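You will see two complexes here that share subunit A, one where it goes with subunit B and one where it goes with subunit C.
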Partner chain A sequence: MTSTRLIDFKGYVFLAVLVAAVVIVPGLNLLLPADNPFHIPSYLVPLLGKYLTYALLALAVDLVWGYCGILSLGHGAFFALGGYAIGMHLMREIGPRGVYANPELPDFMVFLNLKELPVWWWGFDFFPYAALMVLLVPGALAFVFGWFAFRSRVTGVYLSIITQALTFALLLAFFRNDMIMGGNNGLTDFKDIFGIPLQTQGMRASLFALSALALGLGYLLCRYIVTSNFGKVLVAVRDQESRTRFLGYKVENYKLVVWVISAMMAGVAGALYVPQVGIINPGEFSPANSIEAVIWVAVGGRGTLVGAALGAVLVNFAKTWLTGAFPELWLFALGGLFVVVTLFLPKGIMGLIGSMDSVKAWTTRRRAVAKPAE
Partner chain B sequence: MDQKISPELLYLNDVSVVFDGFRALNSLSLTIGEKEMRAIIGPNGAGKTTMMDVITGKTRPTVGTALFDGGVHDLTRLDEATIAGLGIGRKFQTPTVIENHDVETNVELALKADKGPFAKLFSRRTPQVQERIDEILERVRLKNARHRRAGDLSHGQKQWLEIGMLLAQEPKLLLVDEPAAGMTDAETADTAVLLREIAETRSVVVVEHDMIFVRDLDVKVTVLHEGSVLAEGSLDHVSSNERVIEVYLGR
Partner chain C sequence: MTLLRILLCLVALAGVARAAEPQAIFDRLASTKYDDIEAGVGDLATSGLPAAADALSAALDGRLLVAPGKPALFKTPMGTTIDVATNAPAAAGADAGLKPVRVNNRIRRAVATAIGTLTLMSPDARARLRAAESVFRGRDPETLPALDKALAAEKDERVLAAMRRAKAAITLTTDAPEADKVAAVGLVAERGDQDGLVLLRGLSETAPAAVKSAAASAIQAIETRQAMLARVQDVAYGVSLGSVLLLAAVGLAITFGVMGVINMAHGEMVMLGAYTTYLVQDLLRTFAPGLMEGSLAIAVPAAFLVAGAVGVAIERLVIRHLYGRPLETLLATFGISLMLQQAVRSIFGPSNREVSTPDWLSGSLDLFGLTLTWNRVAIVLFALAVFFALQLVLKKTTLGLQVRAVTQNRRMASSMGIRTDRIDALTFGLGSGVAGMAGVALSQIDNVSPNLGQGYIIDSFMVVVFGGVGNLWGTLVGALTIGVANKLLEPFAGAVLGKIILLVMIILFIQKRPRGLFALKGRFVDA
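And then the complex of A and B:
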């Protein structure tokens, strides 16, 4: 049984770590001179910020998988769409500073011999519109997809396969030049946002802080959902879908609501990711990305939220290190990790922490029992 | 269709369910009145569970009519959740509770209320709800187990919890599939008392194998065999029916 308080002990620890990260990472970067051993180099700030956006994506995956039993192998699609939405804004911000110096059209459109801005690019120069699209585009896609999938009662591995097909279809679509989304190269060469260059230390620190804030708020939103009556129904759907219907719940509506919320969270994660890595291309839709996100959650502990975020950060630390040190080993390591977790740690790292708790409780109880005998 | 065309609460007429050519129900006709309690007996495979599946929207009949509430609702066109919302509650043959929730939460989930996602997103457990939960737990004798994980209950306790969940739904019609299975004799007798109590205010259909239990209920009995009604009447009446004896005691 999960705890019913909005913020439990693990939640406080998690939020405290986030607050500390917001103070420490930009602080050590901005305030300490570069030769200080505690100085965090500027290139690390967006890297760490990227981990936080992955953690937010992991929360989104855990919300549907851990609490409602929907194993999405396509959440990378929502992440990428959020990223593209903000990427389109960043492209428009470049203005006449592109190589072709076209005041209206981004370089790749000039290259494609376009004369005017396609309709679907309209409005993206206006930040609030782009921000709205970060939520609406993944949300609308999730709504349409979920409407059909959940109503036709597609579940289990079949559902997972069609989520995978969804992201694969988008991968192919975004590769095409006639989508006018930058094709193979995607969107890149961003200059600034709100007139502030993306490469400045201050902007990097702000994006990092914003990612931490989004992760914290995302966590609270998820906790609100899973501790509400709605969340209790979700767990019932996860464990006894058919039984839940006989209790009078329209399961498809519950799935649809949580699915759309989760997709929007993934979209926000993608939107924070893109300005920190400086590029969004169709590769972000690749099925492997979505599968990786599921592995983060499995490693951290499915249905624990905090574990999902932790798993995302730890696995990506390992990935950054391994792809630097032994690039060819990463995929084997990831596969091996998944096998190990599935076989030996069904509840992930959080399960490990939980069993340490119970070992402690057990030993203290034994001590308490042993005492009177002394 | 919003006028009651018959006084019956449940009206099944000529219902057949065919699975791959096999007739699990074969022109079954049956009516249950308001506040009536009915026992349904029949050998394994007679179609008792399938009949409940048809009534609760789990299985669509191949042909036939299934109406509820005096003919107002056509059960063959509605989904499980809608039918549950109309006031048909069901207890499964093998107890199915939400194992990862505690006993209280299981009852809470069943409670009659607005069961839409947004209503649930913005509602918390109020003192009134707690009171309802307490009443029900009292009645099914699970008050002391209220904080236990439902999956950790004994088989008999799970049966009781399911009955509690059924009560929480406040249905007009309760379908109870083999409630005494896995219960001790004392628990079985208690269950009969509880069901009789419930039947004072609502209709109850009980499927049961246990003849002592059926005798305890002391109500009209319908015997199902090969998907249709073989006999109907008091237990003494049907147990003196030659065809029933043939079916039950072997040919």
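And then the complex of A and C:
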């Protein structure tokens, strides 16, 4: 089912598109004058960058769902945790430039009458520490969660529901002011990173390029995993978990490794997302966001990686356009997309692109798998 | 002050010696001197005239009309004129030359006290009880004589006890002998509520030692009692929350538990039920306002039909194609839920819709110091009724038999001539319809908005998964356990943290028992 080459044809096209984007988008933005018809306006650069971070999140979801059969309805939690980690660093970067001009504490802590920085904010002044936390916090949460869940053989729908409960619990937790994470308002009013203001054209272009780079690296990592022998076992777990276990593989360990990697990827995506949109708040934990990420993957094509990224970009482009032009229609369109894709496009857009024969073969095989389960 | 005392003495003496003749009282009220008016008010209160209470309250609003030598009249708020002496409507034009009784703050106070005294003697036991309660709170030593008189005349046990406690409260503020005060502390402690606690805590530092120690132990007893009461109240609220969860989840227990279909649009079925209630009330208001009190009785079957029909449509159009693929069902139904939300938002607008509560559901029930609102009580009863009705349908009807047969072994059921696809549609319709009925109940306690369902969907899944899939009893136990646990956690952890703890506990519980509290056993489990 999966090609054994690290980078197949679709992969080359995907990476080429990414490289082209890295060159063209900042180039057309920075080098062309504003009145040139090919000029990309500055507001568009972070928007496109945001799509790329969504694409990275979609890759993370596809890695566990498409190749290991774990439908996570809580990946938004890892995304948001990564975002919060970098958001905390950006808050510390504000320094005394806040409204209260307190050199020690961010504004919202002054507002909460805090006297000193809470322990869990220590170290976030230091960028490498924050960057480490972007990986460690989602990774640790995923490890603990996965350790228990996979060991107790919580599978399928049950796992999906408890991942949803996980992100819902975090949503509630981050809404609390006692968390000292900005509560309802979240973290915002960021000024700069490494001393460079976030609003400058150069910074926006760099963040865009960084997002594209992260997406490319994430893709290569995923390809590396799924084309390796390890990846073959993952697919086996997806298709016949019990049989794989009876063959002697420690299914839970395979699942745990890929689950933690996926969570870290989602964390990186969140960390790149936050400086580009300028805010992180508890709303990012809402279960609906996580489910939306799943639909990006479904639209693009589950288990194709490239499709996941493509789906994320396309759906979000449609969202930006529809919520602007026809706000009433967006939820109908998104809802309809869910239904149409699950009913008629089980392999997503990538399935359409591939030859119709292989789609037929795939769906008949799926049916064959589905039948005995009745 | 002295005058007031005189007045109250007069009040106290009234039982012994009938005060002045009515006309003398009216003349006094017609005086220009406040002293005379005040005495007149006291006289009127003790006159025994049936209209005295009404006339006194009329005096406060300037509706009591008097003139020297003429019969006094008062106007009811409706505008009819009543003769105070006879309590009968006065002849037209009888109010010519009459003036309202002059009122200042002193008179107002006198009138208020007089009315209080009158209600202590009211023929209505509940009015007397209320009056005794207000005396307890006011603990004005000057009401003591009137209270004594009322005590002497009182027959009703409850009112008598309340009056004794009121007297005890007053005793504690006076310089009564120590033994009396200790006894009074005991009486006040009998109340065992916040008011008694406030009174005992407020005892002056100069109180005798015996009184103080009696008060201290009484305070402790009340606090223990209140803490227990608070726990009981938490449990009662928990049962109430649990029954809300049960209502929201029991439909899901059918679609998810019995059919194995993950219906993310379940919350929207609840929402549709709530909007059906709104529509039913709206139509009744326009076409049959007389039926408004029964609007909920009409809304329940209507909501069942609306949500049930939508459920059948969803099953026929979408879910039918996705059997055996639970994760895809989940995504498709989530899409449907988004569309339903947006459809309702487009039709009814994004803001909350007003659903009125019938009179018979408003108000509250007072049970040994526990306060339960009637609508909460009704929801508990409704939830149980729905639950047992469903059990009956599943256990005793042909449909139920067929549903269980299809659940246990689809192929065998099909071979026995059961039309499995029809049963699927009906089961899904049944589950959705029950969700719709839940919506009727939730419209009474929650905001009817397009997002109504979103607030319940995760909780409902938690209940079903916790209770065990495919088992309605598990749903009942799960809902009540989660509800009570949530409310018991709240006082310690706060509402939000309590909920988080509960979610984490359920996540951990699922690790321990992946198939819930009451797991199904048998070979069809893995299907």
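Convention: the second predicted complex is superposed on the first by the 355 of 374 C-alpha atoms of A that agree within 3 Å, B and C clash if a C-alpha of one lies under 4 Å from a C-alpha of the other, contacts with A are read in each partner's own complex, and residues count from 1 in each chain.
Just so it is clear, contacts are C-beta pairs under 8 Å (C-beta built on N, C-alpha and C of every residue); 3 or more make two chains touch, one makes a residue touch a chain.
This structure is a prediction, so every number in the text was calculated from the model and none was measured.
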Where does A:Leu6 make contact in the superposed view: on subunit B (first), on subunit C (second), on both, or on neither? neither
Between subunit B (first) and subunit C (second), which does A:Phe148 come into contact with in this model arrangement: first, second, both, or neither? second
For A:Ser160, is the partner it touches subunit B (first), subunit C (second), both, or none of the two (neither)? second
After superposing on the shared chain, does subunit C or subunit B touch more subunit A residues? C
Between subunit B (first) and subunit C (second), which, if any, makes contact with A:Ala101: first, second, both or neither? neither
Just to be sure I read the superposition right, which of the two partners does A:Leu32 touch: subunit B = first, subunit C = second, or both, or neither? neither
Could you look at A:Leu172 and tell me whether it touches subunit B, subunit C, both or neither (first, second, both, neither)? second
Is A:Leu337 contacted by the first partner subunit B, the second partner subunit C, both or neither? second
Which of subunit B and subunit C A:Ala16 touches, first, second, both or neither: neither
Considering the complex alone, what residue numbers of subunit A touch subunit B? 1, 225, 228-230, 232-233, 235-236, 239-240, 242-251, 253-254, 256-257
Enumerate the contact residues on subunit A facing subunit C in the complex. 71, 73, 145, 148-149, 151-158, 160-162, 164-166, 168-169, 172-173, 175-176, 178, 287, 291, 294-295, 298, 328, 330-332, 334-339, 341-343, 346, 370-371, 373-374
Can you list the subunit C residues touching subunit A in their complex? 262, 264, 318, 321-332, 334-343, 345-346, 410-411, 458, 461-462, 465, 496-497, 499-500, 503-504, 506-508, 510-512, 514, 527
Which part of subunit B faces subunit A closely enough to touch in the complex? 56, 58, 79-82, 84-85, 89-90, 92, 96-102, 105, 108-110, 115-118, 120-125, 149, 165, 169
